[in-house]
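Presented sequentially are two complexes of chain A, the first with chain B as partner and the second with chain C.
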Partner chain A sequence: MAEVKREAYFEELPGPRSQEELEEMKMPYEEYCRKIFDPKSTFLKPEALKGIRWLSCTMYIFTPHSVANLAELGAECIKFEMPRMGDPMRHTSPFNEAYLYPLHDSRPRTGTGLGFTNANTNEYFVTLDYHRPEAQEILYKLVKMSDGLTECYRPGTFDRWKQSYRYLMEINPRFIYVWGGGFGYGPKTFGGSYDILGQAHAGMSSITGFHEDFGGHPTKSTNWVIDWYSGTHITVAILAALYWRRKTGLGTMIEFSQVQACTRILGYTVPLYHRFGIVRQRWGNWDTQLCVHGIILCGKSDYPDAPNPQLKYDARYVMVSAFNDADFKELCNIIKRPDLFEKYKTHKDRVHEQAQIEIYRTLEQWAADKSRSEVVRILTEAGLLAMPVMNDKEVYECEHYRQRGTIRWLDDPIFGDVLVQSGYSTGLMSETPRRVRWIWRPVGADNVKIYHELLGYPMSQLQKWYEQGLI
Partner chain B sequence: MCDIIWCKKCDTVNYLDPYTFWNWEGKTKCAECGTVYYIHMIQGFMYRGPEERPGEEPDILPLYADKPNQGYECYLPGVEGRTRPYQCLPREVYLGRADTVKFSIRGKPVRGWAPQPPSTGPLGSCGFKWEIEKLSPEVWQEYQEKLKRGEVSEW
Partner chain C sequence: MREVKEIEIKSRADTLKMRPWPVTPPPSREEVTAKVYARRKAEEFCKFIEDIVGFEHVHGKPEALQGIKVLDASIWRLGGAFCSSLLAELGAEVVKVEPPGGDPLRKLTPFGREEYMLKDADTGEPCGLDFISEMRNKYSITLNLETPEGREIFKRLATQVDVVIENYPPGQFDEWGIGYRQLSKINPRLVYCWIGVLGQWGPMKDRVSKFGQWMLDPFSQAACSYIHNTGYPQDFLPRGSGGDPTRNGVWLADYVAGEQGAVDILAALYYRDEVSGRGQFIEVTGAEALMDILDFDITWYAFNKSIKARTGGWDPNLNQYEWNPCKDGYMMIGGQTDRLWYRIGMCIERDFPQFGRLIHEDPFLKEMAARNALHALIKTYTLTTRWLREITRYEAEQKLLEYDVAAGPVMYMDEVAEFPHFKYRPWVHLVEDEHYGTLMYAVPPDAYQHRTPARVKWLGRPLGHDNSEIYMRYLGMGNEQLRELKEKGVI
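Moving on to the complex of A and B:
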């Protein structure tokens, strides 16, 4: 047997030689995280969903967001919009003027509103009036070469147009089909959906806001939280369906009712009712399970001279948490009310509603001559948890977010300098980070790329469709 | 339109429509008889006023005014000396003067102004990159001046 000549010996290889050496060589955890999640290296890394192609026949926020999640993770997503008009969300700007131009060559005086941001990131934008029979061939061709489609029409609409799951799975058995909408099949099948409807119908609004005894009403979250939340849950279902397809080779239909999804976040509300018949009430900025664990109002603003009333008057709220006995005792000492601790020594005593009313009132009386930052400083120095209720200006200026890349400036190829959070505000991924390449593109911007370059239709055909208003 | 100041002298309802979510303090003038009122609103509630301030100048004019007890008489937006014109969201806070955004808050150019020159490809399709230097030279020039003045920052 020939002698094996070893070129390298384990002992000579670089690296740790013992467990102790390994521990010594490891960089501190903070440094390690900064290295692997470095925002500057986002675009140097591969994308997790590269190779997936997804079609999006969606509008507004809820269903588009489910596709934007895929696009930020690297999937090639094609958004269909009605010719010349586009997604109605483009026209739902927060204020009259906040538009980015142009919307389309044929409408020089129309732009896309900032409300469209984050829900259609990194997608390709084509136009197709897909309810017309002559559009069917185009859609079917794309279905054959795609992994899935998300749509948001009333239940059965796509079925009537012969492009629902049961038709498309015959063309492409691996196809994953998502219907997302208000109610889904059932007695209320024809109901449409809005975020506020989701919040109201699922019972979320009934437990949000202050109780009527304190002048409160069932409250809608200002932003369309249920749209964003439900869209994300669709993406979870899509990723599970992709894994299922890897194992079985078969597609799936995902039927996603927005009002149903909202019930998920109600916590113990449903089991509370089934066990005791209790209908849960609102408790506003305080907490039914913990006290002190709420938001209090301070007397002075952090920006007394700011011209913007949102800063001048609103920058006065602080979140305070001191619910265990030691913390609560410390809090009572700080506000010079040790008698309050004597009165409510146990958490069970404190969490009672009358106790909460007294405790929070006392806290606000103490904070009446202090600014928000003073309150935060005093409580934090005493080792208690207190944070200002920040507004978007403060979120923008927050160093923690900047270092982690939570919000970033993007030099959008078309729209210039824009501030984005979108994918960066979700969980970070060391190997395949989410990324934002562009916020959106004008209506039909990628018609030639998709219909001519991908599907191979001649330009003359495209021109004909354009004149007919099909694309 | 919101935030009504009902002038009892001439029975005219003045609609102020203040900006920025109904937090507003200042003086306004009745469109009919010209009486100046001081008001202070917090979150849409009338915290103080309306109080008469004779002899003082108003900060803004109402946007619209009508006389509901006398048929359909009204002052539409933009009546000289009585109501102010409606010009979308004023960037110059409370002055009613709209401003087109050409730069982000850190001073770099955005493509946010209208109308845009048609620059797209066939069938409404569009190239990937908007070359601001070539396609909007006047904004590019303004940007260069901002750079020189040090008005552009990273955050």
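Moving on to the complex of A and C:
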């Protein structure tokens, strides 16, 4: 037999292999990005986690979000709720004004509040009262055919119901079991937790807001930021565990404390305290490490006649950044205060706290007779970095996010037109983009799909359970 | 009794000393078992949990991402650094590629104070603490990507790795011939992740000033309405004193983007190894990643044109769910469901009997959802603060915990480090670093796992410390060659 002696195959040589690829290599970069991240082709591409099935015995935002990330990436996720009542987050809505109906087939005049948005995207919603021993068989069956579970009950509760890791690892050794909660093992293990407890307890709010000397208070983030952020952190751990399981076939237990996750992102706060005994304080809208790099107030509103006070009075803030010497010099020239640059020539001089106070005050004096858009226009035209502090209306209308598909309308199968701000915005992926199919479904909407179609219980059994309040 | 170490501060020099930690030791395991776990008859289960996920066993267990190689070329922003930290904590081998002058983040220190920077044992070069605390388990090499030779070396490095992370201005790497388009041709298995502020394409993409200054967080916080919606309303505090839209104290959007980057990278690796055998291009931005987790704010505007306003320490969606001033600081209380709502009331009623009459007997406040109306929030929180102003944070916490209510004080860093639960677990821990001495770090929250916990092996790395090891291991370049490249300014 004659051996093929060729050392390289044409197909293996680097470089474009087709006309299409050649054009792709030649097109301007922005056009190339538009092409491979094209929002219109989301549903033409495969899903990264296709075939993974995850159970979600979760409530509120934190633990649900860890599963929603998987569901956006293509995993099949089943969310368990208490019969008729549902996740408490469904009863949460800003000032009690925005609801989507119905909550449950027995409660047509109660709705699910917008507070529930984005935390349980794409999931199947079943009900199960696992306080009752009859529920155990149903859950065990699902555990045998799933890859993992996330739960958020107080430590020991699932153990009492014989569905903790101790029991489930025996049923399915490949099972990845996640407990997410406030504190984890230790003296405060039974302490309940919420997002703002994380912000308060772990130190983030002590460094957010204006300094006491300026009359400020510790400030809460507008969103449930630590809930969402720690939920995603769990997803990182889950994906790593899945990756490990490919090699070993073994599941694991992840015990995750949400409050601790907040301390993790305090940056230099932690080593600064230990090495030098300095307790970091708040520094308002300026930056402790860079100057100029902060938010200033302008005198005039962009919407002087708008009836909404959020537009009339608050569309007045600009983020300005000119910390490098050349940028700062240019900024001083624009505001006609070249003496300020002479005084603070190096970044080390500028970033000193007294210098910051003087510089930002001077900037605000300059902006006192200008509107926000004027300030942004002047600085941008001069080649500096500035941007308005945008509000919800402006973000909604922003062309940038629409073109990128990170804000888009969804024709939800149950609720109709809903604007989606999440899922697509977690990152664009060229091969396996995330997607949002439905924002949520009513309580128990998928009982038939899961209990009858997947587990094979007859419909009469479901009816009986429904009447008994088990599902 | 526990030993208490006194700290005496007589001059400024005394304040710049290493803090003893912990000042008082945490409670022992027996104490916690007897006093806490026993209360709910969970001793056996909690013992099981501590045995399998306990922090003390971390270093004896395998690492989930062992064998994954990551090239992190990001500088300035923390997004790329946090993303690669998460992967490095889970066991990936992360090589940080810095320009010969180093990542500019190394030079940043609060208020420009060099006394808060640390000098490494090798070169004595001072380094900022933000950089050190995010340089977890990473190697540092130098490479000048502005030279053609440097880019050639970067290309060769990229053939050896699974993941490339970068955050240069839009199109910069592509122009240099080391973008996704080019690298995916020579390494089709490569997962390439760009982490930015607004995007590398689109009408409002990332900009650079005409003098070359990059966009950094909080631009991303400003672009997604996070800042506009955060802070105290003008009715609470005057403008300039906190009654303004407020940025987060840390570069929050960077962290959020870095974390979503890690999720996307791990999903892409899973898909590559399970299905396709090919990598992909990922683009994460701070503004969008933060918008993803901005509750329902934009959806709400689309629903009924509501522009979310600032509500300070209160939450407009839940009642009770807020922090309010008390005698010595601020106290957070949370509990929305009826069960918790009435428990909070019962607790307050003990000291302040009118609370029950005014709150529990108000028919309007009996329905869970109705309690979120603005006037209901004002009434509830006014009366709660009336109770809080007489007591300290500690007293309030003890009283509320008796009723199993989620409650906690607003704490500063020194209090965080000394909180008994946090010391027990531990929350923050010390590492004796080879280069920077003893350092305190926040323990990765995914360090509590049965099989593959995250861990910190070292913190911080002198610039270019690993040049000879990494260039030899990845590219077979010896010291002689490196010396030549160094002379030419390539590394």
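Here, the second predicted complex is superposed on the first by the 446 of 471 C-alpha atoms of A that agree within 3 Å, B and C clash if a C-alpha of one lies under 4 Å from a C-alpha of the other, contacts with A are read in each partner's own complex, and residues count from 1 in each chain.
Keep this in mind: a residue touches a chain if its C-beta (ideal position, glycine included) is under 8 Å from a C-beta of that chain, and two chains touch if they have at least 3 such contacts.
None of the values given here were measured: they were computed from a predicted structure.
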Field: chain C versus chain B, contacts on chain A by residue
entry: C
Query: Between chain B (first) and chain C (second), which, if any, makes contact with A:308: first, second, both or neither?
result: both
Query: Between chain B (first) and chain C (second), which does A:441 come into contact with in this model arrangement: first, second, both, or neither?
result: first
Message: On the A-aligned overlay, A:105 touches which partner chain: chain B = first, chain C = second, or both, or neither?
response: first
- request: Figure out whether A:243 sits in contact with chain B (first) or chain C (second), or with both, or with neither.
  value: second
Query: After lining up the shared chain so the two structures overlap, which partner does A:289 touch, if you call chain B first and chain C second: first, second, both or neither?
result: second
Contacts of A:414 with chain B and chain C, given as first, second, both or neither: first
Message: If we overlay the two complexes on their shared chain A, which of chain B and chain C does A:404 touch? Say first, second, both or neither.
response: second
- prompt: Both chain B and chain C contact which residues of chain A?
  reply: 95-98, 308-310, 313, 409, 418-419
- request: Using the touch definition up top, name the residues of chain B that touch chain A in the complex.
  value: 20-21, 23-24, 42-43, 88-89, 93, 98, 100-101, 103-104, 106, 108-116, 118, 120-126, 128-130, 132, 154-155
Interface residues, chain A side, partner chain B - complex: 84, 95-102, 104-106, 108-109, 111, 127, 307-310, 312-313, 397, 402, 409, 411, 413-419, 441-449, 459, 462-463, 466, 471
